[in-house]
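You will see subunit A twice below: alongside subunit B first, and alongside subunit C after that.
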Partner chain A sequence: MSWLLRRLAVSAFTVWAVVTATFVVFNVLPEDPARVIAGPQARPADVARIREQLGLDRPLHVRYGRFFGGLISLRPPADPATDSAVRIGGVGLDLGVSYLRRRPVTELLGKALPPTLLLGVLALIVQVVVGGVAGCLAAARRNGLLDWGTVALTLIGISAPTFLTGLLLQHFFARTLGWFPLDGYGATWGERLHAAALPAATLGLFGAAYYTRLVRDEMLVLLRQDWVRTAWAKGLPRWRVLVRHALRNALMPLVTVVGLELGGLVGGAIVTEKIFRWPGIGSLSVDAIVERDGPVVFGVVLLLASTVVAANFLVDLAYAVLDPRVRRR
Partner chain B sequence: MRSIPRRPEATRLGVAILGVALATVACEADVAAPLGPRREVPPTQGGVLRSAFFTDVRSLDAATAFDTASAVIEGLIYDQLVTYDRHGKLSPQLAESIEVSPDGLRYTFTLRRGVLFHDGAPLGADDVKRSVERTLHPDTPCPVPSYYERIVGWGEYHEGRAPELTGVRVESEHVVSFQLAQPDATFLHVMALPIMAPVCESAGRTWTREFSRRACGAGPYRLVRFEHGDAVEVERHDGYWQSGKPYVDRIVWYLAMQPFTQRFKFERGDLDYIRELGEADSLLYRRSAAWQGLGEWEQPLSTFGVFMNAELRPFDNRHVRRAVAFALDRDQLAQVRPGHVAPTGRMTPDAIAPEAVRDVGQRHDLDRALEEMRLAGLAWDPATRTGGWPEEIEYLAILDSFGQQAGELLQQQLARIGLRVRIQLVGFPTYLARTGRRRTVPMGSVGWNADYPEPSTFFEPILTSRAIQDEESQNASFFSNAELDALLARARVTTDEAERGRLYRRAEEIVRDEAPWAVAYSYRYFELWQPYLHGYRPHPVLQQDVRFAWLDRGARPARAGLFPWRRRSGRTTLALATVLP
Partner chain C sequence: MERRALRRFQRNRGAVVGLVIVAGLLAFAAIGPLLAGHDPNTSDFAAARDGLGGPGGPSRAHPLGLDPLFRDLASRLAHGARVSLLVGLVATAVSVSVGAVVGMVSGWAADGRAGFVDSALMRLVDVGLSFPYLLLVMAIGTALGDVTIVTILLVLGLTSWFGTARIVRSKTLQVRSLDFVVASRALGQPSWAVLLRHVLPNVAGPLIVIASASVAQMIIAESVLAYLQVGLPPPTATWGRMLQEGQRYYTVAPRLAVAPGLCIFLGVLGFNLLGEGVRDALDPKET
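This part shows the complex of A and B:
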């Protein structure tokens, strides 16, 4: 129990530290969000008015206090029409209002999160399944044609930038063959799954290449272990030795990496989301950073930091499930 | 030990698919043919028109939206009291007539009868006053309220010291007047901005963030859907005041779409009109015989060049600035992006330049540039490569902009007169912050888009003493010239066009001779449309004005659709049959 509390406290501190660092860096940069919002054509007096409206003319500590002070509220909103908080039960989470889009950040994140999660989960499935299977097969055929081919393909996969993979997939499977939409998100779940195929493949293939190498190398080590030799000696079927005895143990490092990558998949799909016009967190965050939309940036950072921390927490739990020794400790 | 069977056919299939993909990409040296025939058809109602923007639309609230993409959609949703005709001249729109008092201080607009908002309410003079007050209200995040500072009572109202804008008066049910504190030759131009469009009563008297999602005006189309980063959809306003117009039932504008995706969609009919083609694609379409007559350059309303900070060495010496202006080879610059970059040596773009200024401008002359360097005491000997300014000069440009490429060329061109340039690339917000700060950036790329099609917009906000500030100066060259200030102030209040032409000619001469900018080029886009789209040509002022376009639906092939498995099973099967043996 104390371990759990300690982990939760460390997690909360990590999230707070990341958001605070972002807030400070963002606000000490010699750039003026009001200027970007108003546009290069706006007159200085008009820029000053916008700065005042957004509260950007106030000292840093006041802005910081307002951001964190208003983050969690237990009271009902004074004016529901202008309330920018999302309420769960009696607790409100208020990340402010986007400078540019003039919408509550919680609303923007709420809209961007489902597409991102869909894409992230599908990409994860692609990379785990493709990486696991390819790595296992390559290890089973060590130094064979399949092994060399897999190693070569993974090198290409790791080296090819996402934008190239995305463009090639889009060009061939969407434009030339017409099997998938060129871009967009779709209105129904069927359309969304169909539309997600190419972005998920784009995002997943890079990770799959990496996972293939990881699983292959781990499998090669494990296949030389005594208990695997014993399994062979007992005359167990090949698939059983490979999957039950070797692959299961090879998944431990994979789980670690998956946990660490989850946050990256949520926030790191920027290029993929841009190519396929996928309305997720990546697109939202890159636009916000370019346009210096502070509240959105802080909201995204808060979300991503929380995701990574939560994913790491889940990885620890997964260890216990996969490895009985961890459970006993 | 059993072995896992090999699947050589799977490997071969993979290699085949990869080969076909690479070959397809490699052979893509031409463009698809236009979809359907071009037939002369009269305007007919019906159909859906589709286009796309690379950027997102920030807002559709008339009071706050000022970016290019927003302005295009606003042109569909809102009508203003005044607009521009096909020749780019001011013309009444919701106003039936405009009367200007002899002293130029009072503008009286008589509104058309029978104009209906999208909610069915009739337009009245009080709607105009309410809309103007809403835009200029202190709580409204309007980006350019100071454009209207000459309206009597603006200061008091905008600062929240007065409950109403006294300079705007409802004279009768259909007559509204604007009283100005000083004459203003640009007043009708700023009234033509969508920011001054009358909005429905549902917009309220003050700005709310919800109105952008349910924007409501008196324009030819009413808003159906607006999703940030996805699409804007409008449909025909049946109560529009121009009988029988508009023609298209519905217009969909996709947002945040990559230029290459736009091209792919355009060639299969998912988009009917396109403006943001990549450089190479634009060239392919322009060269294609099949596409002749289906595309046109838009009129650029922008000017780009190099600013030189007149407060920093060596540009505090006008001879050095003049040397840069002479050394800049604009024709060579234009070759970097043929067609898109139109060389110019004048601040005012062709589309709005008065006749009197057309022969004025900076030009390339290397000998004169060397002579100016000599006059500055920095003589450069090209033979021995000695002399010139001894230090490197920072040139600030926005990363990945054309200003970056222009800077690389400028670097070579200025080396010929003894100026060594170091290019510094930054993001847009940093660029704005640094160029606006006094005594910070010696030179850099610079550009200005017309706020409205009037020469003053290319001088007053960026080259006058009034535009200089210690921070956030819009006058990036920190150039101050009393004569220029005075003549621009005179031009602002002068309504005599011939006199204004003379004043702007002198302004152009001052820029040519004093060279706060080395004026270089205008940037323009090539617009393209499918043969079944009629009634569209680039407007000289209003961008992407498709309000009264129509579709030849009989000539339009069946649309492929966003999700092709629904409607394109035939083609999908064919494609599969092509790839699979």
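This part shows the complex of A and C:
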């Protein structure tokens, strides 16, 4: 139990530290958000007025206190019309209001999260299916033509940055062949799935390249084990030996990797979202950084850090449940 | 040991291909700007134009043609190679050095009187690994206003050592309990001397492997920053920005996007192949 509490405390500390560091980096560095918002032609008086409106004229510790002080509230809002918090039960989460868009950050995040999750889940499916099948086949035909070809393809996949793969897929399948929309999201779920195909393939194939190697390496070790030789000797069909006797024992590390990737899922798509104009967290965060929209940046960082830390925590927890030795360390 | 590793490396076809690609890129960066014979940022309006009066394609004076601002593409690619390789190599050096020092100090201090140093450093690593890395780099880059190559080097190098530190720490913990290390401590060697003479050579293997894979990551990171227009400002020629600028002219002049894209791909592929070759040569069990 104390292990669990300590682990939770470390997780909370990590999220707090990440958000605080972002806050400091964003506020100490020279460029002034008010100046960016007002535009290059603005009079100094206007810039000063905007600074005051946004509370940027206050000292750093006051702004910091305001951000964290208002983060979680238990009381109902004083004025529902100007409330910028989302409420689940009696607990409100308030990340402030975007400088430029004038909307609560929680609302912007809420709008950007579903597209990102859709993209991420589809990409993960591509990665696991393509990577799993290719890795198993390559391991089964070790040193054969298929294995050699798979390893070469994964190297190419790992070495092609996502913006290169994305642009190529966009060019061939959207511009030349016209099978998929160039970019954008879509109004109905059918349209969204159609539009998600290319960005999901971009992300998924990159992940699949890594995953293929992982599956192959795991399988190569397992296929050398005694029980696998016994299974061959019994005359079991090939697929049965591969799947039931080898792959099954590789599931634990393979699922762990997917679990850890779930944390990076939300933040891993920045470039892909930019190329395909996908209205998710990645696009939101890039725009917010370029526009110096502090509250949105802190909100995104809080969300991303929380998902990474939560995924790590869940994987650790799963190990602790399965293996009591972990708890004693 | 070293000679055997070298022989394994030579027999690895992928590693040799990687070495050739990397050597080719280094040569391109070193003498390419001289061979191209044009300033990368000067427009040559006198050169032959295409049918619509726009910048011309490949000609004798400009082997790869001109970019939309009438600048020599070959010369810009060669200068871009300098940026990519410089960022890749120096940022890796920064990252690996910081990671090695933090990892060794942390591993050495673990469980002793200075155990709090280890805890503090490892919490720092936890935090660093939970950061949305690309966002952090972009935030620092945009906030600094005018980005120079030194900014990019330092930002990339100083935000990417966390994983290295964790690996070096666990390796240090292993080495620390080996007999010859215990003996040299018992003989009264100061900690720094033991770390430098006995621990560092033993963590050097993993460090070399990390470093060669890291160069490829740094090249990608630099080109992503440039592609998202938060890297080096124009008119500096970088592959990422050239790709971003060229993609608009894809239908008219595909070479404008294909050439820098191919350069990025080759650079990353070369260092990845080299890195895997080094890993397999130093650790034959893995293959």
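Brief remarks follow.
Rule of thumb we're sticking to: the second predicted complex is superposed on the first by the 308 of 329 C-alpha atoms of A that agree within 3 Å, B and C clash if a C-alpha of one lies under 4 Å from a C-alpha of the other, contacts with A are read in each partner's own complex, and residues count from 1 in each chain.
In this text, a residue touches a chain if its C-beta (ideal position, glycine included) is under 8 Å from a C-beta of that chain, and two chains touch if they have at least 3 such contacts.
Everything numeric in this text was worked out from a predicted model, so none of it was measured.
With the C-alpha superposition on subunit A as described, subunit C and subunit B clash in the combined arrangement. In the superposition on chain A, A:L60 makes contact with neither subunit B nor subunit C. When the two complexes are overlaid, the chain among subunit B and subunit C that reaches more residues of subunit A is B. When both complexes are overlaid on chain A, the residue A:V47 reaches subunit B alone and has no touch with subunit C. Contact with both subunit B and subunit C is seen for A:K274 once the two complexes are overlaid on the shared chain. In the superposed pair of complexes, A:L182 makes contact with subunit B only, with no contact to subunit C.
Of the two partner chains, subunit C is the only one that A:F26 touches; subunit B does not reach it. Once the two complexes are laid over each other on the shared chain, residue contacts for A:L317 go to neither subunit B nor subunit C. Of the two partner chains placed around the shared chain by superposition, subunit B and subunit C are both touched by A:H171.
In the superposition on chain A, A:V221 makes contact with neither subunit B nor subunit C. Look at A:A9: by the touch rule set out above, it reaches neither subunit B nor subunit C. Counting contacts by the rule stated earlier, residues 29-31, 167, 171, 274, 290, 292 of subunit A appear in both its interface with subunit B and its interface with subunit C.
By the touch rule above, subunit A contacts subunit B in their complex via residues 29-33, 35-47, 49-50, 53, 81, 97, 100-103, 108, 137, 140-141, 145-146, 149, 167-168, 170-172, 174-186, 191, 194-195, 232, 237-238, 274-275, 277, 279, 283-284, 287, 290-292. Residues of subunit A touching subunit C in their complex: 10, 13-15, 17-18, 21-22, 25-26, 29-31, 155-156, 158-161, 163-164, 167, 171, 267, 270-271, 274, 285-286, 289-290, 292, 297, 300-301, 304-305, 308-309, 312. Across the interface of their complex, subunit A is touched by residues 1-4, 6, 11, 17, 20-21, 24-25, 56, 58-59, 64, 66-67, 138-139, 141-146, 208-209, 212, 227-230, 254, 256-258, 260-261, 264-265, 268, 270, 427-430, 432-434, 436-437, 448-449, 451, 461, 469, 472-474, 560, 562-565, 568, 571-572, 575-576, 579 of subunit B.
Within the complex formed with subunit A, the residues of subunit C that make contact are 14, 123, 126-127, 129-132, 134-136, 138-140, 142-145, 216, 220, 223-224, 227-228, 230, 243, 247, 250, 257, 261, 264-265, 268-269, 272-273, 276.
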